[in-house]
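Can you read through this structure? Questions will come right after.
A, B and C label the chains in the order they appear, each numbered from 1.
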Amino acid sequence: MKKTFITVVSMLLVLVLLAACGNSNTQSSSGSEAQGNNSGEKVYKVAYIARAQSDSFAAWLANAVKEEAKKYPNIKLEVFDGQASDDKENSMIENAITNKFDLVIVQPNNGEAQRPYVEKVINAGIFAITTNARISGIEGASTVDADPYEQAGVNARAALDQIPQNAKVVVLNGPSGNFHADKRRESWQKEFFDKRPDVQIVGEQIANWNKDEAMKYMEDWVQANDKIDAVVSMNDNMAAGALEAVKDNAKYSGMLAYGVDGTAEAFQLIKEGKMTSTCLQNAFELAEKLLDTSNKLLTGVEKQIDTDIGNPLITKDNVDEYIELLEKAEALK
Amino acid sequence: MKDNMNWSLFWSTFKKTYSIYLVLLALFIVCSFANPNFLSVNNLTNISTQLAVTTILAFGQTILIISGMLDLSAGSVLALSGVFAVSAYKSTGSFTVAIVTGIVTGVVCNVVNAVMVSTFKTPPFIATLAMLTMARGVALLFTKGQNILQLEDFTILGQGSIGFIPIPVLFLIAFAIITWYLLRHTKFGRSLFAVGGNEEAAAASGINVSKVKYSAFIINGIFVGVAGILFMSRVNAGLPNGAINYEFTALTAAIIGGTSFSGGIGSAGGTLAGAFIVGFLDNIMNLTNVDSYMQQIIRGAIIALAVIYDIRSKNRRTKNTLGRIEDKSGKSGKSGGRRGEPIQEIAKGPH
Amino acid sequence: MEQSIKLRVSQIEKSFPGVKALDKIDFTVKKGSVHVLCGENGAGKSTLMKIINGIHQPDGGQIFIDEKPVKIGSPIQARNLGISMIFQELNYVPEMTVEENIFLGNLPANRFGKVDWKQVRQRTTELLRAENLPYSPTTLLKDLTVSDIQMLEIMKAISYKSDIIIMDEPTSAITHEEVDKMFVKIRELQARGVSIIYISHKLDEIFQIADEITVFRDGTVVESHPREELDIETVISLMVGRKLTNTYPKEEVEIGDTLLKVENLSGAGGYRNVSFHVRKGEMVGFAGLIGAGRTEVMRSLFGLDPIASGHVYIKGRKVTIKNVEQSIKNGMVMLSEDRRRYGIIPMRSVKENTTLSSLKSVFYRFRHHGKVEQDIVSDMFQKMRVKTPSMDTVIASLSGGNQQKVLLAKWMILGPDILILDEPTRGIDVGAKFEIYKLMTELVKEGKVVIMVSSELPELLGMCDRIYVMAKGTITGEISRGDFSQEQIMKYATGSITSNEVNRIER
């Protein structure tokens, strides 16, 4: 009786594992099937090494890159997950070299940690592109990126006029040590806080990009302060969390809130007039440019490319066209 | 002279049982003076609401730790249950379906934990560590790493109130009572203490150890599932990345509340008090805008203090309440070779 | 030969909350003598020894070594003063080697903390050779026997150049032969001028080894005499404070039908074809050397270990017992030999430990009935004379004898028909032993049966109606009360002969 039970359970476990493996197989091969028919033309092997599939923007970008790659019959793309670890990501870059990929796209977990490995890629005679965020100054490596400083900067410059005199603001930061988190905060400092000494920061915490953590901090700040004029958040998730905490509180209906990323939730909040602005980091645009750049490098049109996507500021005025854009791309479900 | 002794005996028992509540009370008073906003009804309601999710997890952990186990997968399974519940709600619009989905998900994951721990004899630490990674992976795979948005009315569970009491707080109270009842008023509760205190002795006393372990995990699964629903409802999103490290917050509450990591000791009231001690501290640090890094240091120090206190009071207990003991038995705390400790006593010898 | 005084304690006092453990103790140990401490558990012997070894600090009084006052703040200070203690139940790491164990906490190291393993090896080899021990410095402890490790502990004490060695029941887990070996060692040490403080419950041993005997009772020294002035009866009466008229309270009980019958039982524990039966009102003993398979048979019978083949009949009905629950349902319970491992839940209260097997009688109608539990337990405790400060005292803080009584109480609540006792009196004091014997007698008078596994022949001979003897996993002999003789049992136990009766059964 007990033995049967154990057997059944083990078999179930194995089945689940097999099913999971089967799944991932079909996913990675889906790109290659598309160009299977186009025999004759040379097919290039491209590795896309994502920072972490568990990070929602990184996941979006990886999916976008996968989709975009289907448009290129001469490119066979494989996606790897760096699991938010320098170690893992570095060894994946090394693996890509060993497995003789023709081009390696690296979305670094931490730019400086991956720099020597990207240099290895170049030295092995393989094309390299770094993206989101770029690792600049590697001889022979191309870069495609959105500039995190600028992403926050467009918000900060708009805020200069929007945030009232002697305002009280709270700041929500990403994990410290994260390139985007640090750059965005730096941008707010230089573009806004240094120019507006009258503004007082009444609360500043690390909410790790998370909605739930931001929500909790905001709830506490609301208790400690009789008014908060603006939420300065380094990403949209945290801004949404802060807004969630005060959504039924009439006193805060006029509060300003800034984010970065351009998530679907942020667009919704901007449309409803709850959030002030965000900057779209458009994964589709990034993916488009990445594949375009890859194609150009592989087919020998150019040797090195450095390019940026735009940093559009999204406000109530233009949010609809971006919602449309994203809806078209099926990002909003 | 004799009275004196009774008094000291009384005091040591009193201290053992109620010291955690005294600490909570003291902290409450200190916080009230530290910041005038602390004592407002709004703020206190706020703290309770914020604590609901992790404290419900902490009750599950308490049950597991008492029986000599633990659940590192709680945060991940919470996210998975929550994400499943949210999508169930979005596709059916039914609260019942959503809640059942969330709870079943929690239970299924924990049955897998129990199979690993009880049937395959994997150490709970490793078994639930595996589940931590797996459950998070499934949640991310299912949502493709994206947040599920626009929960509409589903937020009522996490954001609504009945009268002036927020619904999460009602859940918190209900689960505190359930846990207290389970531990104090059921055979199952008593068996938990026995299994955690000395598994072999419990088995030799006619307790079905495997059944106790399975039940403990299943109950934990229900708790985690409900916590997942509340969490997602409160943040108004299905966050596959939500509740990271919540298991540690929950474990912290349980430990500070006097649940002993060597098993066999713990209570619902202690864990509740432990959770509120952490909650008060977090809150007062945010109210007074203590630096993020400093907060981490302070939180760590509190855990260290709680554990030191746990160990010291345990030592004192064996020395103290001895009655007239030559405490060769005092060593027994260490004995029993639970959890695969390689230490044996000679007395067992090669019989 | 006038011996100088090596250790003297004067007016030592020590209180724990709620109890005075030691009250103005005076006590001296002469150089090069063996001083035995005896007394019931809880009399204060171990507390005093822990004070001398620096584990506890006295509330008052003074300790003198070589007539100079000393303060002993920790076991390390004690070691530096030449005092070593060998504990009754040793904790050791099975994967450690002999040399690592000997120098544990005392490794010779250079300035930078680098251990001088060469020196360790050399000194260990010397010690082993000097003590005539036949194993190498790199042997793992798990490969040694209990007595070997005990010897090792003694060697460790010697390696510290101790001149006072405290031994707390060193023979509680080793065989007679090994005891003799150890006594030779003690004599050697004594000849070198080392003073030995020896704690034991085994009175026959005490009279073999002691130069002087001090008896403790209730935290005071009752009397202290050279061995020649004492005899066993006197010591016992000093210990318990009263004369025990009858060491074994055996009563004649009418014996009825067969209640338990075991046929050709074999199991993975290394026993085979074990057959025996027990009749109503009977007390049956199981004798044999350690490792003969007695415990294994009983564990299987009780459902703790699986049975490979064979049949068990209770009240004439064939029963299948695969776990303890089933055993309890069939009215059979067992008190394990290893109280700490299979008996107590150390950090829980005596109350909870008592009702652990009868939870149904305190948890019903959807709640816990505290009053009912209180009544059941206090009833039992009165009957069994369990001494505990309160019902909520953690069981680990009771003396061994009282713990054992609590565990017995746990089973008595169930009113079992068959009670298996595996070494029920190991490590408990004379008074508690006597009470446990009385309990056993009560039980058989009620028409129940008691099966007692014991390594102490006198108690088997004193209490049992019949004795089965086991050797190497099978029953080699069966003797009825009329024919009891120690010699006969030893012959069966060593496997040198097998009784006709047993042969008949086996055929």
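Basically, a residue touches a chain if its C-beta (ideal position, glycine included) is under 8 Å from a C-beta of that chain, and two chains touch if they have at least 3 such contacts.
None of the values given here were measured: they were computed from a predicted structure.
Undergrad: Whose Cα centre is nearest the centre of all Cα atoms in view?
TA: The chain sitting closest to the overall C-alpha centre is B.
Undergrad: Could you work out which chain's C-alpha centre is the most distant one from the centre of subunit A?
TA: Of all chains, C has its centre farthest from that of subunit A.
Undergrad: Rounded to the nearest whole Å, what is the centre-to-centre distance of subunit B and subunit C, using the mean of the C-alpha atoms as each centre?
TA: Computed from C-alpha means, the inter-chain centre distance equals 39 Å.
Undergrad: When the centre of a chain is set as the mean of its C-alpha atoms, what distance in Å lies between subunit A and subunit B?
TA: Centre separation, subunit A to subunit B: 34 Å.
Undergrad: Express in whole angstrom the distance between the two chain centres, defined as the mean CA positions of subunit A and subunit C.
TA: Centres of subunit A and subunit C (C-alpha means) sit 67 Å apart.
Undergrad: Pull out every residue in subunit B that's touching 2 or more other chains.
TA: In subunit B, nothing touches at least two other chains.
Undergrad: Can you list every residue of subunit C that touches 2 or more other chains, as numbers and ranges?
TA: none
Undergrad: Which subunit C residues qualify as touching subunit B in the complex?
TA: 16-19, 21, 41-47, 88-95, 145-146, 149-150, 168, 172-173, 218-219, 290-291, 295, 302, 304, 323-325, 327-328, 334, 336-338, 340-348, 352, 355-357, 359-360, 363, 366-368, 387-389, 392-394, 396-400, 403, 410, 427
Undergrad: Can you tell me which positions in subunit A touch subunit B when the two form their complex?
TA: 2, 5-6, 9, 13, 23, 53-56, 58-60, 63, 173, 176, 202-206, 208, 210-212, 215-217, 219-221, 223-224, 237, 240-241, 244, 248, 263-265, 268, 333
Undergrad: Which of the residues in subunit B end up touching subunit C in this complex?
TA: So the residues of subunit B in touch with subunit C come to 5-6, 8-9, 12-13, 184-187, 190-191, 193-194, 197-198, 200-208, 260, 262, 264-265, 314, 317-337, 342-351.
Undergrad: Can you check the complex and tell me which residues of subunit B touch subunit A?
TA: Residues of subunit B touching subunit A: 35, 37-38, 40, 42-43, 46, 49-50, 112, 115, 119-120, 136, 140-141, 144-147, 149-150, 159, 231, 234-237, 239-244, 282-283, 286-289, 292-293, 295.
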